[in-house]
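What follows is subunit A paired twice: with subunit B in the first complex and subunit C in the second.
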Partner chain A sequence: MVESKHKWKAWLYLSPAIILLLVFTVWPIINTVRMAFLENYNSMGAVGGKIYAFGIGNFKQVLDYKLFLNCLGNTMLLTVLTVPLSTILALLIAVCLNAIKPLQRILQTIFFLPYVTNSIAIGMVFAAMFNMVGSAFGGENEIVVTAGIINNVIEFFGGEAVNWINAGSTYAANITVMVVYIVWNALPFKILILLGGLQSINKQYYDAARVDGTRRSRVFTKITVPLLSPMLAYVVITGFIGGFKEYSSIVGIFGEHMGPAGDAKRLNTMVGFIYDSLSTQQGRASAAALILFGIIFVVTMINLYVSKKKTHY
Partner chain B sequence: MKILLQNLTKIFPGRGKKNTQEVIAVNDFTFEIPDGKLVGLLGPSGCGKSTTLYMISGLQKPSGGKIFFGEDDVTELSAENRGVGLVFQNYALYPHMTVKQNILFPLQNLRGEDKLPKDKMIERAYYAAKLVQIDDLMDRKPSELSGGQQQRVAIARALVKMPKVLLLDEPLSNLDARLRLQTREEIRRIQKDTGITTIFVTHDQEEAMSISDLIVVMKLGVVQQIGKPQDVYDDPTNLFVAKFLGTPPINVFTGKVSGGKLFIGDAPVLDVPGVEDREVTVGIRPEGFVLDENGPLVCGLNSVEVMGRDVSVVCRHENAVSPVIRAIIDADNKVAAGETVRYTLKPHKVFLFSKEDENRIRF
Partner chain C sequence: MSDNKTMHAKDLQKVSSKQTAGKILSKFWVYLFLIVMALIVLFPFYWMLISSVKSIDEYRLSVPTLFPKEILWSNYVEAFNQANLGRLFLNTLYVGLVSTLLSLVITVLSAFAFARLEFKGKNALFAALLATMMIPGELFTITNYATVNSLGWMDSYTVLIVPFLVSVFYIYLLRQNFLQIPNELYLAAKVDGTSDLKYLWKVMIPLALPTLISITILKMMGAWNSYVWPRLVANDEKYQLITNGLRNAFTDSTGDVNIPVQMAAVAIVSLPLFLVFIFLRKYIMKGVSRSGIKG
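Take a look at the complex of A and B:
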């Protein structure tokens, strides 16, 4: 404990961090709440001296807005699909990586590469891979020419090219591409965490299991997974939070229209909705942000509750 | 079931550029462990005793030699299929399972015709738990147990599938002194009750001596001596074994044999008929000293420690290898205060060793 006459020194040393936090974290949070509860709040108007009434109109507006439910649905769907998928894949890859000794370092590096690459840039590469040229202009003499490597592979194996992301593509195709991209993007971090967890498990548990004649599948389900459960819980919870904030991955593939050509905003998400409202309707954006916060909060609480029961620390 | 180790050898290859030297952990170990006996592998750390144990369990593969369980060659059999029970030094209890789940785990692994119905499994688990007296702790997690209790759970887990061989790796090293005494008796009792051939590893000679039927003393991967604890203590084959067994340790002197008499310094302390004249290393057990006013061995007296039943006389001698020597004598004998103390020696507590190779010279 610091003696009281030196307390001011402690505050002095803490002050840069505290000031930064106050200005850039605490005040924006308070301000967001304030704006959300002022009817039709608009910052231009506020600068002009307009007084806004207190009320929950912004929230009503958000919920009434047809596109909002669309955004919420997209966000939920992507999260529910990608979090379990990426977690299971990351777990399997981490277990495999942990099992092999030669080349482990190199493979670890390769698996980690997506993490240090710009997600918009990767999105553009993915867009090129899933691209399809020609089919969109389906005139009578139009020859369908595929350009993306994915469709090349499909055709090589005798399949029919799929319109993944271009104009006229189906919602299911769009979501498939998004799931592949988001899962791929989410893997490195999860693998890193899970591999670290695996390497910290005492090898003697595995020796004990071997002496006890345990099958490999049972070792995995009864020993590896439970002992890894704190890391799994962490990965799932951060995965859900990240999933609800999905935005840049869709921009990466579909551009800021948030949808295939001719159907803009089809894949818009919660964060996208907030951004869209931000330039003109700050009140509505704030209300949407609070709603998003509420959803993440509830989901995280459920996650924590479940993991407390299932996790061994 | 008897276990036969035949020329068992384990070589760890040198790793990396800096450390190219290979290590011979166990060197040409041949030994038949009789059925139903408790055998202690004893030696200082790094002597290969744990490696031997792990080779018997199947967790490590021998570099050479064979292992037989009964008549079956199990050298190539993996740990999963050997059916041994192994208790690890730090128990390796699964931390996420209750005591009951831990004990049940090996049974749930059984497949095919060995598979037991559920109630039979529970019955067996409780039987094993009763054997080690933890049947009232079945629903606790390992972290909620004391070291001694965890140890018992580990033994119960190893016993529950009724292994043909029970292996214990330093089973008492994590327990406090009192618990250690109690637990080693317990291990002895359980072993007697079940009749399972048991091998345990320890660096504590007292532990090994007190409960083993047979002890194997090892040094740097080479077996030094095998025998009943008392026999090994009374008749060590070399200086290492003599020094390793016994508390307080044996007192070592430099001496010489001349004309059938053993000299320590200039004093002829003992008749050693049949030994040629030579320089020798002399080992004298603490209990080999007898107070005698006219005794030939004259030592400087440091102090007298009364320990109830016995008296430990701490003294010094210029020909002793260590700065102090300890003699244990009966408390009935009063040690006269003074500068020196004189002893005669009990011949069967005095061992002569060659100065060159430290092997025993018998007389």
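Take a look at the complex of A and C:
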């Protein structure tokens, strides 16, 4: 490395980045912690010259708040359901893709397609697929005209139509729709990473196993999974982080109300809670954001700890 | 000795023919599984496209048609007008281009400083930058909302561009790329009296072009898909971005939504992304596999 005579030059090059980071990254970190520990803080009052006492009241308030607990529950439930499901499905698809030659490229492209979509826009497509037009649960004059393509398929196989997302739908039905959409959305990235990992596994391991006549299932559990474990760990960790930040996929399907008509906010998440209180109750929003950060931090650490023990490098 | 050898070869043949039979069968299941999954993945796109050209009456048939009886292109015109897509397109394009350009300049300069120059506290600063990547963006949003409000930036292009110009991740990505370029080139340039900026422009940028293209695409896709921040700070129609405008255009109307028109709007918004994907697939997949972030 060159010992530059003009050290100020480095700082000159870095200055735009540093100035912007100071304003939009460093200051927010400090300020969020500050606001979270000032009881009942809101910026309107602060401008008016109100002095706030230091304390952990915001955290207590947030954790006592039924709405927040509801958001926390929704977020946890969606994460716990979607991360394992999408990871297993992605692993299966990636292993299968890796085992074939013809059609591999085109299939790979198809499986990546959901990634290059707008999660709000395609959410609206999913909503239409699950939507009952003129639902019987709406106004009195309305009759079901179409039950939505998903219900049509269910009825085709002899099942009964379900009210998925309209007024009067059950919580379980709503969550099912969200899980389907989130998994669909999460697959491309996971497949991409896992397939990349599979392709970098040395073929000699498989040749050796074949010479020994090892069973396929054993090859999978003893060679593929261990050698893929760093990628699996990566996919699971990013999956958890994404899961705890779930928000726009729900807006895509249910709109800003974050719930079926007549039961707004039923599916609200932690991020949604933060945005709801962001312009009026900054203290509460900051406390919630720090709690979110804490959860993500702890879950990531647990994941790293587990994967360090289990991961085969 | 030779006998033994043929025996061995025969055994191997037996084993391998048994394996081939099993292989063909299992290949069949592999293909079946993949094709079924691919159809499931593709179905929403198919449904979007065929619904977008159906008449509303046909859409509401209790037994849906899998292919439209008559193709109604007028849905697209209606969607374009109803959601004011022209204006939204231009806004998004403008914000995307300006923020990508400025962001590239900042990223290149910072990555160059971290990769090639020596200064006190370099490693500590770089580590501090990387540490901020762990913090969820929502934590910044609360304060940034107040900041842009007090700066008087609400409802402007500035508010959509400036707060997200610096991406630590892109700096990291480009720095790694710059580090791979042999230092000897830099030394030679120094001996020749080439200035840093000229060296950067003539040598490093061309060599790191694939990474820069990846960053450009991801940044543009980010502008196209961003929803939360634009919704918070720029709801004025003059500055609204496409995703926000799309969601608003079809939530405001109470009662019956004309779903075919809505699907046409969704198709219009999705199309540019698909075109970019088809032509620049390699860069996108490379960028994504290294970043793991959407946009």
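As a working rule, the second predicted complex is superposed on the first by the 293 of 313 C-alpha atoms of A that agree within 3 Å, B and C clash if a C-alpha of one lies under 4 Å from a C-alpha of the other, contacts with A are read in each partner's own complex, and residues count from 1 in each chain.
Everything that follows uses one rule, which is that a contact is a pair of C-beta atoms (placed from the backbone, for glycine too) under 8 Å apart; a residue touches a chain by one contact, two chains touch by 3 or more.
Since we're looking at a predicted model, the values are computed, not measured.
Counting only touches as set out at the top, which of subunit B and subunit C does A:Asn202 meet: first, second, both, neither?
In the superposed model, A:Asn202 contacts subunit B only, not subunit C.
With the two structures laid over each other on chain A, which partner does A:Phe126 touch: subunit B (first), subunit C (second), both, or neither?
second
Regarding the shared-chain residue A:Ala99, is it in contact with subunit B (first), subunit C (second), both, or neither?
In the superposition, A:Ala99 contacts subunit C only.
Which chain, subunit B or subunit C, is in touch with more residues of subunit A?
C
Could you say whether A:Ile88 touches subunit B, subunit C, both of them, or neither, answering first, second, both or neither?
Neither partner.
Just subunit B (first), just subunit C (second), both, or neither: which does A:Asn118 touch?
The second partner, subunit C, only.
For A:Ile193, decide between first (touching subunit B), second (touching subunit C), both and neither.
A:Ile193: touches subunit C, not subunit B.
Regarding the shared-chain residue A:Gly255, is it in contact with subunit B (first), subunit C (second), both, or neither?
After superposition on chain A, A:Gly255 lies in contact with subunit C alone.
Should A:Pro226 be classified as contacting the first partner (subunit B), the second (subunit C), both, or neither?
first
Looking at A:Leu304 after the superposition, I want to know if it touches subunit B, subunit C, both of them or none. Which is it: first, second, both, neither?
neither
With the touch criterion stated at the top, can you tell me which subunit A residues are shared between the subunit B interface and the subunit C interface?
The overlap between the subunit B and subunit C interfaces on subunit A comprises residues 210, 213.
Which stretch or stretches of subunit B touch subunit A in the complex?
Interface residues on the subunit B side: 57-59, 78-86, 88, 90, 92, 94-96, 105-106, 108-111, 157, 161.
Which residues of subunit C touch subunit A in their complex?
Residues 15, 19, 26-27, 30-31, 33-35, 37-38, 41-42, 44-45, 47-48, 51, 59-64, 105-107, 109-110, 112-114, 116-120, 122, 125, 129, 132, 134-136, 138-147, 162-166, 168, 171, 183, 186-187, 190, 196, 221, 224-225, 227-228, 232, 243, 246-247, 250-251, 256, 259, 262-263, 266, 269-270, 273-274, 276-277, 281, 284-285, 288-289, 292, 294.
For a test of understanding, state which residues of subunit A touch subunit C in their complex under the given definition.
1-4, 7, 9-11, 13-14, 16-17, 20-21, 23-29, 31-32, 35, 43, 89, 92-93, 96-97, 99-100, 103, 107, 109-122, 124-126, 128-129, 131, 133-134, 144-147, 149, 152, 184, 187, 189, 192-193, 196, 210, 213, 216, 234, 238, 241, 244-245, 247-248, 251-252, 255-256, 271, 274-275, 278-279, 282, 285-286, 289-290, 292-293, 296-297, 300
Spell out the part of subunit A that touches subunit B in their complex, as residue ranges.
202, 204-205, 207-208, 210-215, 218, 222-223, 226-227, 229, 312
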